[in-house]
Amino acid sequence: MNLVEKYLSIRKYSEELCQPLQAEDYVVQPVVDVSPPKWHLGHTTWFFETFLLKAFSPGYQVYDDNYNFVFNSYYETIGNRVIRTDRGNLSRPSVNDIYKYRSYVDEAMVKFLSDEVGNDVYELIVLGFNHEQQHQELLLTDIKFILGNNPLFPVYHEQKTEVLSPSQNEQRFLTIEEGVYDIGFNGEGFCFDNELNRHKVYLNNFSISSSLVSNEDYIAFIEDGGYKNFNLWHAEGWDWVNTSHIEAPMYWHKINGNWHNYTLQGLKVVDPNQPLTHISYYEAYAFASWKGMRLPTEFEWEVSAKHFSWGERWEWTESAYLPYPGFSKAPGAIGEYNGKFMVNQKVLRGASIATPEQHSRITYRNFFHPNLRWQYTGIRLAK
Amino acid sequence: MNLVEKYLSIRKYSEELCQPLQAEDYVVQPVVDVSPPKWHLGHTTWFFETFLLKAFSPGYQVYDDNYNFVFNSYYETIGNRVIRTDRGNLSRPSVNDIYKYRSYVDEAMVKFLSDEVGNDVYELIVLGFNHEQQHQELLLTDIKFILGNNPLFPVYHEQKTEVLSPSQNEQRFLTIEEGVYDIGFNGEGFCFDNELNRHKVYLNNFSISSSLVSNEDYIAFIEDGGYKNFNLWHAEGWDWVNTSHIEAPMYWHKINGNWHNYTLQGLKVVDPNQPLTHISYYEAYAFASWKGMRLPTEFEWEVSAKHFSWGERWEWTESAYLPYPGFSKAPGAIGEYNGKFMVNQKVLRGASIATPEQHSRITYRNFFHPNLRWQYTGIRLAK
Amino acid sequence: MNLVEKYLSIRKYSEELCQPLQAEDYVVQPVVDVSPPKWHLGHTTWFFETFLLKAFSPGYQVYDDNYNFVFNSYYETIGNRVIRTDRGNLSRPSVNDIYKYRSYVDEAMVKFLSDEVGNDVYELIVLGFNHEQQHQELLLTDIKFILGNNPLFPVYHEQKTEVLSPSQNEQRFLTIEEGVYDIGFNGEGFCFDNELNRHKVYLNNFSISSSLVSNEDYIAFIEDGGYKNFNLWHAEGWDWVNTSHIEAPMYWHKINGNWHNYTLQGLKVVDPNQPLTHISYYEAYAFASWKGMRLPTEFEWEVSAKHFSWGERWEWTESAYLPYPGFSKAPGAIGEYNGKFMVNQKVLRGASIATPEQHSRITYRNFFHPNLRWQYTGIRLAK
Amino acid sequence: MNLVEKYLSIRKYSEELCQPLQAEDYVVQPVVDVSPPKWHLGHTTWFFETFLLKAFSPGYQVYDDNYNFVFNSYYETIGNRVIRTDRGNLSRPSVNDIYKYRSYVDEAMVKFLSDEVGNDVYELIVLGFNHEQQHQELLLTDIKFILGNNPLFPVYHEQKTEVLSPSQNEQRFLTIEEGVYDIGFNGEGFCFDNELNRHKVYLNNFSISSSLVSNEDYIAFIEDGGYKNFNLWHAEGWDWVNTSHIEAPMYWHKINGNWHNYTLQGLKVVDPNQPLTHISYYEAYAFASWKGMRLPTEFEWEVSAKHFSWGERWEWTESAYLPYPGFSKAPGAIGEYNGKFMVNQKVLRGASIATPEQHSRITYRNFFHPNLRWQYTGIRLAK
């Protein structure tokens, strides 16, 4: 695919994800971490407009000056913005307005991409592609949150399953020898700045599971009183369980004695063989403690991932999200992309069924606060 | 008009108020006191369905069992409900779903109203009419809030003005003699339970203004440092001013040195001659103190209102919202209508440009917490 | 008693109230409404120093310039101050320092009071006396809160009972005829500005109980599910019950199936015959609703109080705390005494066992927010 | 020193630290992270009573059953406890009561320690010693907070300086070669479980400063607008700066244009040559970014610390507080000591002038949330 085709294909996929929605579904923001779908559609467009068209396409006419205020996410460099908690209070621009904005920018981008671009600009374009793919992941999980917290439990799509394989493989533990390993990206294509630089890490002997924890495994934890036993939890996790009255993964409801969970196909009985999802790091840690095991570090994961299949669930690791040796931020607004979040978050590795194809890789580092659950998070045990 | 005509006319007016909206405008709830327009449309429908059709129309089929949970406002008697702060998180039922719900209930109601009804049922029907009219008032002020807090300041309707008369009459002070006066409803038609019973009140001599405070008057207060002078405020009002950073009425913005205000016709320069609106009780009190005057009590207002014109602005009074002598709640859910709010609120008298025709009267008592400003509130001075 | 004797007698009583305390008891502030005893001792001293010695005693040397910041309560006119929630964070000035401060100011006051004073100054002196007496009431209830919320339940004083009479009189209902009555102070001695002006009020026929509600009465309310029945409560009261997990009056603990309450004599079994105390207005209202009665208004209370005994419990009324006709604030800091609290509070009438002798009177108006319970509040029913 | 002498010497030092206090200073808790000095004195005593005397000294009579509730800090295993935020609300047990409690337990401990003890018990005793030493550090920093946030700025002790050396050495950068290094405790004496196990870590080439950042260096950062430049901060740090209105290190006040800081010797002009202290991790990170450098990791620090002098300031590292490979919690309450805090905290290395002699070592790991500043924290730069 050339750049124009690639651009159009990525842009189209965002809109396809929204295709099952009604206009009202694009608007709401039930919690601060979830953004309205129309905001995602506008923000990814604003990214191309601001960092490419305004910056490098001479004569480009900004679509609407007010949109910078509405669709800036967190770039302090780019000026004031609607604060994150207020995104769900905005009925305008309407969904139609935003689709018009997308068309306008797409047209300009297609023209822009048809010409030769320099290396710097090329890197920004590819960043824009990856940026929109990251938002596609959020788009799907945010849509799930919006529908799954509605008392009517509307179906997103009858055919959209949340698993890749019908059931989990049998669990085996792979053993890795201690020694010095190389960590970090060193391929040819795109990577984020937080995957650089490639560097050496010393690992001790460890074993890691070939498969993810299943719903069945987790139900055993619940039934054994896992949520009632402070000894399994971090102090902050225990606080969170009690303050937020947590008794099960997100989207789980006990109806007439049976666990159900909301899925993109609607409310269903929990399938015991499917991989567990929608648990926080705190729960992942408590479950591993209960098993007498632990979560892998992100380095253990990266070294062993070629030996098992991954990509259905984002996997919590024990690692805190920190810069690699020699990490440095890009200058300007693009430098705000990753580095400024490197405190108080945990690394997730892998990918999930919400991740667009070819977006992840073995060195990819995702990160969230330890209490968050609305991504397709899962658990892989180590010891 | 017979009951069916009256019913249809009131129902139609709610929908007319929403006619200028886009689907997205029906959904959002920027602050807890404002409800999404689609919620108002559903809730008023639910009121007729619950208290009339389900209760008195044999064989009526409930439209959707889940709607009771979604559209119950505060009736503890009627079961669980979506908590008020979460109304803006619900994308479903969609706007179309709600219009279908309205049609379904309207059809059943027309049939129901075509038959003879008993006196008790008649009273409930009229309560349902007045209930929907109250929500029409909120519908307009909630719409104004949703649009007026959007950074794009969308116009609601080019022709919808917020004043009845082009400018305020000259101010005169009417003097009322001290003595015993009768207060409370004693007419023939409908009134709310909080207007009963008619009873005697002793009033001292007082004077009351024939006109409302104008924008010009209030700008003088601002320019004289009214918002900076603690001496003019209640302790709680002063706290509110400082904590909420209040410097002007709601919807006012100082742009290039000139006061503008958002109106249903969009953002406009403040007209100095129009009656002031969108101020809290705290501000009304502080303004009156600055003038060396005070607000009237609700009894003073009721006794003198026949001598001046009113109906453009809800007028803050000095009176707390309390039961009249002999007040008693109706049994059941209807008894939750008014009585349970009779603490920590202030009485407003009159009506506003958002009030449907023939909905208010001289004995009508509205009430809000002293910090609220999104209604068309105003000030009439007394001394 | 001459002025000097009166001054010394009032000042001494504050210190007597603190005599049973240990130094640590003077320091803490478990909730915002409760002030540390040492703060009361300092603040009442600061009042005399600021409004009399600094203002009218030429050559008076201020004891410590920093104390104005520490001991100012809410007088905006007098400059910045420690915010109320922070009073319990101050270990200095120490208790000894404050007793030295009291001695220093007392000496200067005795000298000052020995000379002739003008009428204005005389009124301020008497206000200072009444001000210190108001704080004596708070001193005792704040001490009770500090000790009664300590898990060791320390005894304040073995001999300090909380009742005046061994048990309640039999309940009778007094009937008062409808008509115009005079309300407000018109005696010779001191009164607060909020008791003025004397004015006419029209009252309907009503009956009022000769006695207070007893603990036994209230236990019946609890056992009948009073705290579980939303129908008895204001909406805000119901919220408060649920958010604060209220199930009994303040200081009540159910131990082995029996109600105990913390008293100044320590933790005791609840005496069924004693008058109920430590309930909020919300609870008073709910109890009255449960009885099918109501609370009296402050005017009903004032008109009928000569016919029953009062003074053991502050009695909640249905009246909101509002200005009397013609009320005006004094100029300057003294004007901040009462007027600025006239919103969102309820009037209490009578006095309690914490009230110093001769401090209350039939026209005295106390006021608190409707959720507060740490005063010796009680209930008298009306109908 | 034998065990009894060691015990008595440690216990005495806690009381010496409190010797300059007045009774009131023992009681208050201005913020949740600071505990009242009397609580520290009681809690360390409770630790010996609970984990040694009650567990291993047959016939020991518990001093007061209620003290378990009052002095348990966070051990869920040991039962309910006063929640941390409420510690400052307790006037009882009084300071005298707690000194009596200390004497009682000391007497029993001396007797207990005079006999032979098994290895397990010996380890618990040494843990008790180290536990009390940790609280000595907090005792001093908590006392500083209590006095330093009092508007009277009382002096703790005229002779207690906060620096070990009169001024900082000249700054040099030490360079360490890349390679595999051993990390973690492997000596003979006591260490905490979080320092185990000794394991290999791969380090890249790095340079680390021989000296700490001075006040002068930091004033340059302030004057260059460091607190106004979002680019230097983590997103959460920037939030913290703005929400908490941070403009300088804790205890710094600009008076007449000059920076002053509260010290144990009272309010003083900031000495430009002394090592900076009382800054959060967020500030440490922002300062390092401004310098174009970074903070060392805890491994870099441990490998290089033998080459520079340390011990005046706790030094923030870039490392998150995480378990070492093979870390496992001890069974029972002692297992709650460290492991359950291993999320969302940053590691500090070294020691400070508040650290008791011989309490720290090169492998010692301290940890705090990134916003906290009341310890004697400092900055050592790396690159």
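By written order: A, B, C and D. Residues from 1 in each chain.
The rule we apply is simple: a residue touches a chain if its C-beta (ideal position, glycine included) is under 8 Å from a C-beta of that chain, and two chains touch if they have at least 3 such contacts.
These numbers come from a predicted model, not from an experiment.
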item	value
Joint neighbours of chain D and chain A, given as chain labels	none
Cα-centroid distance, chain B relative to chain D, in whole angstrom	57
Rounded Å distance between chain C and chain D, as computed from the means of their C-alpha atoms	44
Residues of chain C whose C-beta touches two or more other chains	none
Chains grouped in pairs wherever the two touch, ordered by label	A-B, A-D, B-C, C-D
In the complex, chain C residues that touch chain D	22-30, 38, 66, 69-70, 82, 86, 88-96, 146-147, 149-152, 154
Chain A partner contacts - residues on chain D that touch it in the complex	74, 76-77, 178, 180, 199-202, 204, 230-231, 233-238, 281-282, 285, 294, 318-320, 322-323, 325-326, 335-336, 340-344, 346, 370
